Every structure is written in C-alpha cells, then in structure tokens.
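Going in written order, the chains are labelled A, B, C and D, and every chain counts its residues from 1.
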Amino acid sequence: MQIGFIGLGHMGKALADNLLKAGHRLTVWNRSPEAAEELRAQGAAVAREPAEAFAGEVAISMLADDAATRAVILDSGALAAARPGLVHLGMATLSTDFVGELLERHRHHGIAYVAAPVFGRPDVAAAGQLNILAAGPAEAVARVQPLLDVLGGRTWPLGEDPLHAAAVKIAGNFMIASAIEAMGESAALAQGFGVEPGRLLEILTGTLFACPVYRNYGGMIAERRYEPAAFRLRLGLKDVGLALSAGQSRQVPLPFASVLRDNLLEAMAHGEGERDWTALADVARRRAGQD
Amino acid sequence: MQIGFIGLGHMGKALADNLLKAGHRLTVWNRSPEAAEELRAQGAAVAREPAEAFAGEVAISMLADDAATRAVILDSGALAAARPGLVHLGMATLSTDFVGELLERHRHHGIAYVAAPVFGRPDVAAAGQLNILAAGPAEAVARVQPLLDVLGGRTWPLGEDPLHAAAVKIAGNFMIASAIEAMGESAALAQGFGVEPGRLLEILTGTLFACPVYRNYGGMIAERRYEPAAFRLRLGLKDVGLALSAGQSRQVPLPFASVLRDNLLEAMAHGEGERDWTALADVARRRAGQD
Amino acid sequence: MQIGFIGLGHMGKALADNLLKAGHRLTVWNRSPEAAEELRAQGAAVAREPAEAFAGEVAISMLADDAATRAVILDSGALAAARPGLVHLGMATLSTDFVGELLERHRHHGIAYVAAPVFGRPDVAAAGQLNILAAGPAEAVARVQPLLDVLGGRTWPLGEDPLHAAAVKIAGNFMIASAIEAMGESAALAQGFGVEPGRLLEILTGTLFACPVYRNYGGMIAERRYEPAAFRLRLGLKDVGLALSAGQSRQVPLPFASVLRDNLLEAMAHGEGERDWTALADVARRRAGQD
Amino acid sequence: MQIGFIGLGHMGKALADNLLKAGHRLTVWNRSPEAAEELRAQGAAVAREPAEAFAGEVAISMLADDAATRAVILDSGALAAARPGLVHLGMATLSTDFVGELLERHRHHGIAYVAAPVFGRPDVAAAGQLNILAAGPAEAVARVQPLLDVLGGRTWPLGEDPLHAAAVKIAGNFMIASAIEAMGESAALAQGFGVEPGRLLEILTGTLFACPVYRNYGGMIAERRYEPAAFRLRLGLKDVGLALSAGQSRQVPLPFASVLRDNLLEAMAHGEGERDWTALADVARRRAGQD
C-alpha cells in the first residue's frame, strides 16, 4: 500500500520500519531530517512537507502530543492537500479535546480519521507486539486493518467513534500511574516498619499483582533505578493531565489523578522530570522523611 | 501436633479443617459454639475457654480484628495459662499498633508470637493455596513451618519481627483497594465518553493488568455485580483504616489511602457497607452524575 | 484623560461609569453593542473595533477570560494600532501563562502593560470600593494611578512584574474557594451530629471567622441559598483551574485546589454550574448522604 | 459555689484562677502536684484523688485529651463517688466517640454532664474572654451558667445534647487548620512567581480575610515564625484526627481533613511536631522545592 508516515521518534521509527519490511511503500516526514534519512536508506521516499505524506492511500501520524500534531497536521495545510479517499490513522496519545477538534477538521475536509493509540514501548513496537486501540468509521478501519496487523500483536476494536480509543488509551495510562503511586506509597509504608521495599514488592508482584505493569515498575521502584528512563516523568505528568482534562470535559472527578498530579509536580520541583516516572515513588519516601 | 485453634469464621474453619485432615489434633474455641460443634464431629476437641486452646504446642488464632483478638486472647487470661514453650501463630489481619501490644504481652508471658497473616479468600484457604506472610523468632517459625505448609500454598518469610508481616499484609490490602479505585475512576472516565466500562476493563485486564486482582475485581466492576459480597465494603474501610493508622504511627503520608477512606465513607453513607468493596466503583459513577 | 475601555460586562460597565462620572473621556468597545450604547448615552464614544480603544493615553480591558482577551486584544490587531506611549491596564482575571504571553506581545509592540485585577463584585465596583492589585513598570503605574484611585477604594502595589498581581489575584480566589469548601465540609460534619449548619456557621463567623468572606458565604451555605448566583460555580471551577495551572507552571503542588476541582466537577455533573459557587457545600452533603 | 476543678494545665490554671477571683470555693486536682500547690496559695483546697473534686455542686474538668479524661474521670472511680445532683462540666476538646462513652457512664451514675469546650488560648482564658460552646440538660446548663459567665466572654448555647458542642468545637478547629493550609499553599504559589508571602498575606488579611484566625496565623506564616509554638503541630494532628473520626462515625467524607492529615504527618516526619502548627505552611514550600 502507498502510505505516508509522519513522526519518526522512537515509536514512529519502529512502526515505519515494520511497514517497510512488510513490503509497503512509504513516504516519510519528520521534523528533524536525520530519522527520515535513515528510512530513505531502507527504501522510503522522504517528503519535504507534511502534505506530501497525505498523497497516498493512508497517512499515519505518530507525533509527540497535541501541539506537535496541531502544527504538523492542522497548521501545515496537509489536510487540504489530502488525496480523496485517504484514511488518516492517528496513533499518538492525544487529548480528547484535541481529538474532537481533529475530527471536526477531518470532517470539514472529507477525510476519514481512525484513532489508533497503542500500549507498548518502542521495543514492543519493533517486535510488532503492540496492543492497538482502534476506533473510526467501520470501512476506514477495515481498510487499515492489514496495516494494524503488521504494526501490532493485537487490535482491540472500539467502534466508530475515535474518541473511544483516545479515552481508553488515557484511562490505561492513568491506571499505570495509579499502580506506580500505590506501589510507592506501599513501599514507604513498609519502609517505615523496616521492611525492605524490594521484599514487599517481590511478594506482591509474585502473588496478587503478577502482571507486567507491576512486575516491571515494581522492580524499578525496589531498586530505585530511575535512569535511564523508560518513560520520562514529565511525560507522565502530561499523561495524567490528559486524564484530568478528559475528566473535566465530561465532568468526571478523578481524585486519584489529582493526587498523581500533585505528586508528579513535587517530583518535577525536585528535578526528577527527566528520570523514569517510577521516581514518583521517591515522593512518598521524601514526604515520610525517609531520605 | 497438639494444636489449639481459636476463631472459626469462614477462614478459620477452612484452616482448621485442613489441619484435621492432615492428621493434627485440634482443640478449638469459637465465640458462637455452632462452628466448634461441626469440628467436633470431625474429631476436634472443643474448648470451653480460650485458655484451653493454649495448652498444646501451638495455638493458632484467626479472629476478626483487633477488638476480637484483644477480648479473646488478652482479656481472657489465655496467655497467662499458656503451656511453657508454646508458639502462638496469629493469622488475623491486625493493626500494627495492636501487634506491638500483642508482642509486649507475649514477651511478658514468655510466649513466642509468630505473625502469619494471609492473602486469599476462604475458598483459597480450603484449597490449601493461601499465600502466608510469616514473621517471628526463627526457631518459632521453624516449629510452625509444617503447619504453614499444610495451611498455605506458599510461605513468604519476613524475618524475625512480626510487625513486618503485619505491615506487608496491610500494604497488600491497600494496594488492592487502590486497584479497585483506579478501575472505578477509569470506568467512570470511559463511561463519560460513551465507552462501556466492561470493554475498557476487558482490554486493560487482558493486556497491561492481566493479573488476578484486576481480572476478578474488574469483572465485578464491569457488571456492577456487588452482591453477594466477596469482601464486604465496610471491612475494606476497616482495612484502609489499618493502612492509615500504620502510616500515622511511622509518619508516612498515604494520600491514596486518604482518598480511599473518603470514598469508602461515601459508599457507606449510601448504604453500601454490606456489598462487595468493588462497589467503591459506584462512588466514581455517582460523583460524575452517571446514575 | 482620553481612555479606551474594552469589555462592558457587569464589572466593566460599573468601572466605565465611574470613569465617566469622574470626568474622563471614554471610547468604549464591547462585543455586543447594547452595553456600549448605554454608555454612549452617558457621553462615551463608541468604537467600532477594539483597535480604536487603543488610540488614547490609556486602554483599559476587563474581559471575561484568556480566550476573550486573546480574541479582542491579541487577534484583533489592536496592539499594532496602539498609540505610542499608551499604557494598557488589564483588569481581568487571567491565567499566569496568558499574562506571560500578553507581556511578550506588549513588549514586541513597545506598549506598557499594567496588570490590575481586582477583588470585589460589581456592586463594590459601582461604589468605587474595589481592592485593586497593581503591578507593572513604575512609570506606567504612576500614570494610571489617578484612574485606579477613581476605580477602587484602595490600590495594593505589587511591584514591576504584572505576573505578581495576576498570581495574588489567583491565590486570593483560591483562598475564597477553600473557605467555602471548609465551611461546606464542616456543615456536613455538624449536620451528621444533628447540629444545624446555620448555628455552626453563626458561631464560627461570629468569632474566629468574623470576616466578609466567611460571613457572606457562610450565610448562603447555612440557608442553601444558591440562587441568584453572586458568582457562578462554573466560573469558580475556571478560577480554581487558574490556580492549578499557575501552580503547574512553577511546579507548586496545591492539594486543596485539587480537592476543590474534583468537588466543583461533581457539582457541575449534578447541574449546579449556574448556581452560586457556595453550592459546593452541597457536594459535601451529597457525599455524606444527607439529601 | 463549691466547685471541684480537675486539670491545671495552661488553660485549666487560667480558668481556676478566674473562678477563685470570682469568689468561688475550689477543690483542685492535677496529675503533677506543682500546679495545684500554686492554687492552694490562692486559697484553693487540694484534692488527693480526682474523686474528691466530685464532692461539690459542680466538677469542672479540663484535661488534655480522651486518654487523660478516661484515666482521671472514668478509671479513677470519681463518677461513682460523685455527690448526688452534681453537674460535671467538661471543657476539654474530646472525640465525639469518647463524649458518647462519657454520656453513657454519666447516665449510669445519674450525673448530669454538660459539654463546654472553648475557643481561645490561655491568654484569652486568663482575660475571661473565651467563647464557650455549651450543651447539656437545660437545667444543668442553667446551674453552671454563672460559672460560664465568669470563665468566658460569651457562651454559645447548643441545646441539650453534649455531642453538639463537641462537634462544633471539632469543626471549628478543622476550619482553622484548613485556613492555615490554604494560606500555606497560597504562599507557596505566590512564592513560585516571586511574590513575597508576607505581601500576599498582608493584602488578603487586610481585605477579604480580615479576621483573627487569618491575621494571627498569616503573620506567623509570613515570617515563618513557628517558635515558640502557640499551638503545637502534633496537637493539630490530633485535632484533625478528631474531625476525621467524628466524620467516620457519621459517614461524612472530609477530603480537606484528609489532605491536612497527610500534610501534618509530613511535617511530623520532618521533625516539626513541637513547632507551631502554622509550620504546616512549610510543607507546601518543601513540596514545591522552595527550601
């Protein structure tokens, strides 16, 4: 298939690689050209402007956030230049408000938008094992399904409304952050009684909480191994902000998210924005005077 | 082994059954005599007073809470009557303050105390598959280890200080409550966008959160199936209270536990104390005006 | 003095009236023309575009929020058209981020910006008794001081940085919201014991809390008299949001503001957005099952 | 009148002084005898046991907390020894649960109990200017009213149920703590923008919040003058605990009290338990990395 691909960060690069390997023809665009040049070496065409990536059958975008997506997709004129019948597959994690705005703009230009945010890190993406949350017009989803099968290990269809996929992605990240906080507070509580946090978390992630999120993050918390960051704390703050603003738009109080926001801000104030977001656990320690 | 067993609620009954089946001689005591009579039919002796259960090599107690344990173990004179060399194996979930008091009283009477709270419901206990957190003097733990092997699927040793086992048990329950709240808030968030909570939780417990706590409780939340209660909400409030008071005694702020307490109180105020503690999820719904 | 005045809502109208009465020459602009026409009858000139209000010695703006100020001041081209040497006196309650952006834009056009948000309602404004928080370049503040003396009962100078005035205004509103919440929770607590909230608040506002905020709002809470709204709850949510975003920009956790936000959202979800923000007190009642 | 007086701490001493000056005959008891001896010099009789203070027409108790009151009043046998017709006037700040227990015990012994907790510090007590919250059987309150007129500047009658006075006292202290926290968070927010907290608080306590609680505490926060303690932070934690347990007993969520508890625990963990409870404001600073 002739595909435009916009946004070659760690995730985007891994996804684009897999599409090339699967035999698709790619036209790629990236803000900084180096990543695009690497893909040229693998056979991709390199677009000079985002709009060129909207000239094929499908355009895929995987940009950092609302602001980057606004700049590259909405303000660049790309939608106006899109080929009739094109499907835009948006894979970034975006606010529900902005997805609402995207939908309006796509409707205006007569372009189908499929939201397809993912669970998984770049290494999982490289292995083609992402969990993909897909929502959009049924016919458009069907068109991109072969691509989703290349990009992920499993697609979880969420119906026709792209907001549904956006909301599930945001809720999932909020649940991960909550799990980190719960482990962090528990570790500080145990520590208060002289129990090694590592022992506490070994027991809990070996029994009740024997699932990836708790095992991976629990190990980092136990060892206070916050660098290198698997996911930076300041991005965690951004994601908790997405949950809060999604909740606000539908008048859903989220008290756990409010606690997370305050604690992540405390971590930021203590210079931990670039460390892994499991450093959130150190906030509970600091507050308890354990450092 | 000659064992006294005190407290024949659902959990205690299942444990005592297994000890009898394993060939141990039991002298049982229970506040209401019916449960004790059932065990008499299985070959147990029935004590008229708690003190009689402290006449063997090991006394096991599995009472409802601090107050019941205080009444039956401390105020009954049982410790003063204990056979020299006896080991008291305390399996209830107790506050750390009260475990501290128990330790002092056992020291006073020269009795070894091993704390051995458990993770698992009565059906898991009946199957001999509990996870047991054991802490106490090494020699005493070694003496009761054969019993722990009968009672649980796995023993997690936590050293010589019984408070460590108490703290880990409390931290574990707090983490379960936090998981329920995180799912409840996420479900309300998703619902705000028209996403079926069941679909959200199916995806999350099928991927990032594929572990027993999330799968079991997630199913109940998705179906709003809060009756019959697997664990009553008012007991959940008690357990969150144990986390808060443990934290207070060591000056560890636990903001998630504070949110849980407020929300559980709201549920109590709305008559949900006897429903399953996953009814906590309905607090998030109510606050969002979704009912 | 020749003054442009932009934004003739309840507050702006009262301010403009007082300036006219004090003998100043006004050119007024308002989104909907009715309010401007009223002032024309009192001797004001009516501008057809916001830019015309920037043709005098001072331009005063009193718009609803960031978005209105952005549209009317920044996007209208008014700054580019400003008369050299003009001082812009911004009296609205704005986010600190947006004030930062305003400052940059004013610097770019070489226009002095003085932030002068106020404490007080329209009736206080009409009486010329507002408390005005003023910050900006010393010379510019000195130039507008005679106007501030007309508009308010007292000016509280806050130095040269307009952000200081914005931050104090936001902090003050946050403190009012906190006082309302504290009264609401206390009223629910007292009610739980059968104490009339009105009696509780009569005692407290007659002793420890004998100041205007508590007395006025306490009376409304005691009587649950939320209509007509003195200040609408949805605007209160906006103002708490200003505190949270100001805190986020400087990495200051504000846990009380987080609680306020969640509770205001609950009130919104129950249809109370247009009632007075003291209706926040009903959230505490609802959560306690007192309705 | 022949009065027994129990508890001669700072507050009790000031109250007993005033009763003596007003010509009443006092029999005083105190745990440590020095304070009693001082009053003997002023003409009081000194009791050897608490029971002796229950031999007159009225017994007044002003003890530190539930535990001290339990030990001195309930466990000492004083109630059993009380003179028939005696009225017990309890002026300490006590938990609602414990007041309930006191009521039961007084009923059992046929003694009238009037709850009369106060607002005001020892210096206010010495000046006879306390605000007294009085609740109990009408006839008993009438009997002690002349004493209340000596002890306080104003009595606020709260009906026949002593729990009402206890609840109002607890709610009032909770509102003070909330005011301190609101000022502390606001100060940290302002500081984040470079505004002197002293300037912020000068403005707010000079306008919207011109009442004693804000002015007194605001000054201490502005100067970070936490020693000598006017009211120790660890007692503040105790009082917030009274609000939380009162709320729990009536199923009233108090999210502000939950935040206060967590923050006071953080202060305790950092060694600030003996400083004034306005040191709570430093928690907001610490979390924002402002130290």
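As a convention for this text, a contact is a pair of C-beta atoms (placed from the backbone, for glycine too) under 8 Å apart; a residue touches a chain by one contact, two chains touch by 3 or more.
Quantities reported herein were computed from a predicted structural model and do not represent experimental measurements.
**Q** The B-D interface: which of A-D, A-C or C-D repeats it, judged by over half of the contact pairs being the same residue numbers?
**A** Interface equivalent to B-D, from the options A-D, A-C or C-D: A-C.
**Q** Check B-C against A-C and say which one is joined by more contacting C-beta pairs.
**A** Answer to which pair has more contacts is A-C.
**Q** Roughly how far is subunit A from subunit C, centre to centre by C-alpha average, rounded to an integer in Å?
**A** 38
**Q** On a C-alpha centroid basis, what's the spacing between subunit B and subunit C, in Å?
**A** So the centroids are 53 Å from each other.
**Q** Going by the contact rule already set, what residues in subunit D reach two or more other chains?
**A** In subunit D, 247, 251-255, 259, 262-263, 265-266, 269, 287-289 touch at least two other chains.
**Q** Note which residues of subunit A are touching subunit D in the complex, please.
**A** The contact residues of subunit A facing subunit D are 255, 262, 265-266, 269-271, 287-289.
**Q** What does subunit A use to touch subunit B in their complex?
**A** 96, 119, 131, 133, 154, 156, 158, 161, 163-164, 166-168, 170-172, 174-176, 178-179, 181-183, 185-186, 188-195, 199-200, 203-204, 207-214, 243, 246-247, 249-257, 259, 262-263, 284, 287-289
**Q** Of all residues in subunit C, which touch subunit A in the complex?
**A** It is residues 244, 247-248, 251-255, 258-259, 261-263, 265-266, 268-269 of subunit C that touch subunit A.
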